[in-house]
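Questions regarding the structure given below will be posed in turn.
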Amino acid sequence: MDLRVEFAGLVLKNPIITASGTFGFGLEFASFGDLKRLGGIVVKGLSLTPREGNPMPRVAETPCGMLNAIGIQNPGVEAFLRDKLPLLPWRETAIIANMYACSVPEFGDLAGVLAGEEGVAALEVNVSCPNVTLGGAAFGQDPKQIRKVTEAVKKRAKGKPVIVKLSPNVTDIASCALAAQEGGADAVSLINTLLAMAVDIRTRKPTLANVLGGLSGPAIKPVALRCVHQVCRKVSIPVIGIGGIVSAEDALEFILLGAAAVQVGTANFLRPDQSFRIIDDLPRAMLKAHSDSLDELRGSLKLP
Amino acid sequence: MDLRVEFAGLVLKNPIITASGTFGFGLEFASFGDLKRLGGIVVKGLSLTPREGNPMPRVAETPCGMLNAIGIQNPGVEAFLRDKLPLLPWRETAIIANMYACSVPEFGDLAGVLAGEEGVAALEVNVSCPNVTLGGAAFGQDPKQIRKVTEAVKKRAKGKPVIVKLSPNVTDIASCALAAQEGGADAVSLINTLLAMAVDIRTRKPTLANVLGGLSGPAIKPVALRCVHQVCRKVSIPVIGIGGIVSAEDALEFILLGAAAVQVGTANFLRPDQSFRIIDDLPRAMLKAHSDSLDELRGSLKLP
Amino acid sequence: MVERNCREVKVREIRFLGTWDEPSDFVELTLENPGWESYRPGQFAMLRARHWGLELPWGRPFSISRVDAESVTFFIQVVGRGTSRLARLRTGDEVVVWGPLGNGFSAPPETPTLLLAGGMGIAPFRGYVERHRTPESLRLVFAHRTGLDFYPYQSLAQLVHAEAIQEHTPEDLPGIIARLEEVMDEYAEGGLVLACGPTPFLHTVQTYALKMDIRAEISLEKTMACGVGACLGCVCKDAEGKHMQVCARGPVFPATGVQL
Amino acid sequence: MVERNCREVKVREIRFLGTWDEPSDFVELTLENPGWESYRPGQFAMLRARHWGLELPWGRPFSISRVDAESVTFFIQVVGRGTSRLARLRTGDEVVVWGPLGNGFSAPPETPTLLLAGGMGIAPFRGYVERHRTPESLRLVFAHRTGLDFYPYQSLAQLVHAEAIQEHTPEDLPGIIARLEEVMDEYAEGGLVLACGPTPFLHTVQTYALKMDIRAEISLEKTMACGVGACLGCVCKDAEGKHMQVCARGPVFPATGVQL
């Protein structure tokens, strides 16, 4: 079955992309599957300079989900380009750089560094990380800011596709998507994690040192589907669906809503070969939906 | 152990209240436990006139949660007062009327009808139902509207405590809580369900006839805790914690954050005696947190 | 009616039905009696294994097939997440059960009564036949797809006049419908028809009963969250189009009183 | 080092340890070998039962206790949701395993090596002793709370010089610490101390090793989501205060190279 997808200037072998922060720099998973088989890999969030991230504990398991407040620990964009990218099969699989910054100019500079790299297929702009500032409304919660960041990144991207990753922690996610589109985004990806928290009654402390963290995993899939549905009806640029996908069936649900492709995050922790298993399973799942074509399936949801 | 709680003019035997829409009119559960043992019962959402609710299917199970789009099917406030309330043990257990309306005057009228009833301990204002209008931003997504509705209800409530129930589908739930407080609310309860959806790849249709529904259950507890935490830090009126509570430990998590009491919703479907079991279990769970006093526990979360 | 309750009880026996070597998808599950003194056949119970955890927040409804002093029996076809978890139970495991729920079938003695079962819809009729005061007035017609061995059919055929029709291919359907209608005709005068099975099967029975003015009751299946009438997730429409809960007002309805 | 993999394998045996009639909280779990040709003792694997479903999205890390051609063995103490689910496994059930993960202990032959185990921290030392080229240079000191029968202690005591100290009450602690330090002193010159156990236990060992300049390695425990270095959820700090993943850069660290 032909699983290829093309959108926003990207050509992917299949619509399964691993999500930022859940697949390291890809290499961690090389012994569990052939990285060349993936539609794409979004690497861990990158910042201009190295970041140590948040104090421990940083993760907590919750019912059908998990919290994280990693705080974008990363070796910095230069180290990524020098030490990791050359080892990745970037000619065969789209390597997407996830960008993290705390100001508009910083986003622009980061885009400038990444744009010149042949091995980087696209830029994903993380405007939505709710982890880093306690209680803080991020860029991603204000359409005006989203537009500004998108413009700044687009200007420096040298034609590389720019994907804006949206936060679900807003009253109206469709307006955020529209702002990204107006800012020149080539695609939007959603959702990032839901702002959440956990408490340990024995210690009477928040489970995460950062107090607040981001909820991901199967628990949030229904919210992610709703967001993707709302956004697909509002924007004309491609949409990448993210949130709680653990199976090929889950991936198809997002594609039925209109998603061009999907990202698999927390499922990579269920077992390290899960993204590869989802790809293997996709043809069988498509037959369940009575189709052998992703193009035919895409956006074919029947509304009452 | 003394489990009594007092707030907003209510005196409850214990902090466990059953949540609206998940415990019917209470009587459905009478054979599974003694209703008099509950801290309180919030009855199914009531409207001025009877409502047939949404078409089927109306519910769907999701990982560690469920979706519902019941559409406030109810026999109307008059039928409730005539046929249900007299059968409830309202002298022993606080019966809280959950009010649903689609305009400010309608909310006022509903409050007027309920305020005169001895058997009604308090009014809970549902400004947050995301089920009823497809994609619709509800009252509950706009602090100004919340304030208006609260004022209208408070004016007609004849001194009965008014609890405003908040929606989590907003960028800033603390501002919504503040608006309720400024409108004269005696307490806020949160969270209502997360706007969400499910898709059936075999039929290519949304699982719910209403397309969108509300996500509840253990899956959303981390989001609920975050919301309650944010609101407790912002308002001075009592807060009732709701969302994904299935155990006495869960209930205590909300109380540690500062909640005066909690509501148990989806857990009533795990098994019909679950709310009673949570009450039974509360003293044991309190000992886990090294306390025999809810007052001592309340708000005692240690922040870094 | 007995006071319904919610109890944790142990699995007394779990048995995969059928004659093949492979474990089948049809399970006979016998639990300790959760303290039910009596029940009305057609009533159901909600089940969940004690160790399910939280992934599936709802119990699952199953017709009570029979009850004796020590035990209660269910027949379960594995179709999804909950039923496959139930099929992994072993003797001694604990199950949470609440019931008996709903209303059950009418059982007027001496009345010629036709039991129409489709697939697992046969389950409640086992207890119905056993408890009926005049079983000689009963007759069973059983429509099924997979082999007879997967259902509690033989035990029923020993107690009442019984006939089984297998649907091998969709082409068999018109013939089966014709046969159902033919037998129903015999119950037009002073008789009673009770039906339990998949919705299309019930639809056939209802349509013909209304057309020929035959007294009939049908047992509905809906996805259920609470099972006790509280969540309003399982509603169907009555003759006037008003919503009513299948779990609390049914699952058995007069054919004249419900829209399928 | 062998290529690590992720496989579904069957439970060969599951055995509750101890002598009581009641099922204990200590389980010896033997799985089919998932195709591991070799491993380095101190390495671990992530486990999840195939039927866990989605409620617990993470596997659980356990030290590989021993590996032979057919099987791999773990010792598991039931402490929470995942371990209690693992303890309900039965022979033939399927388990998803990924490993061997992490780095493992040094095993220089001929070197006087002291193995310090606290509680379930004894698990990796079974394979360590079995695979060591000069087991006669090894010695074990085992600190434990519950009865010795719950741990794979006796089998180890048959292979190396071993000593067990039980902590009955918190008052026993100072004595235990004194004894640990006393034995460690013997390894100050040219020896090696390896420690595995709860964090306070490791802290005692690390502090004394640093103070007396004894070469030591300690095996850390952190909550792990991925086990492969990707999620950055399990970090600790190196001597300079930089975050490093316990799963990928450890779990075994030189006492000088990690902050507890």
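Each chain gets a letter, A, B, C and D, in the order it is written, and its residues are counted from 1.
The working rule: contacts are C-beta pairs under 8 Å (C-beta built on N, C-alpha and C of every residue); 3 or more make two chains touch, one makes a residue touch a chain.
On a predicted model such as this, the values are computed, not experimentally measured, just so you know.
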Enumerate, in label order, the chains that touch chain A and chain D alike. B, C
In terms of C-beta pairs in contact, which of B-C and A-C ranks higher? B-C
Between the Cα centroids of chain C and chain D the separation in whole angstrom comes to 52
Could you state the distance in Å from the CA-based centre of chain B to that of chain C? 35
Rounded to a whole Å, what is the gap between the Cα centroids of chain B and chain D? 47
Note the residues in chain D that touch 2 or more other chains, in rising order. 54-55
Scan chain A for residues touching two or more other chains and write them down. 63-65, 218
For the protein chains shown, what form does their contact graph take: line, ring, star, complete or other? complete
Chain D to chain B touching residues, read off their complex: 54-55
Chain C partner, complex, touching residues on chain B are 21-24, 28-29, 31-32, 44, 52-53, 56-61, 63-66, 68, 70, 73, 217-218, 246, 266-273
Residue ranges of chain B touching chain A (in the complex, touch as defined): 62-65, 67, 135, 137, 141, 169-172, 194-199, 201-206, 209, 211-213, 215, 217-223, 225-226, 229-230, 244, 249, 252-253, 256-257, 285, 288-290, 300-304
Going by the contact rule set out above, which residues of chain D touch chain A in the complex? 3-6, 48, 54-59, 96, 98, 222-223, 225-236, 242-243, 248
Which residues, counting only chain D, touch chain C once they are in their complex? 51, 53-55, 81, 85, 88, 90
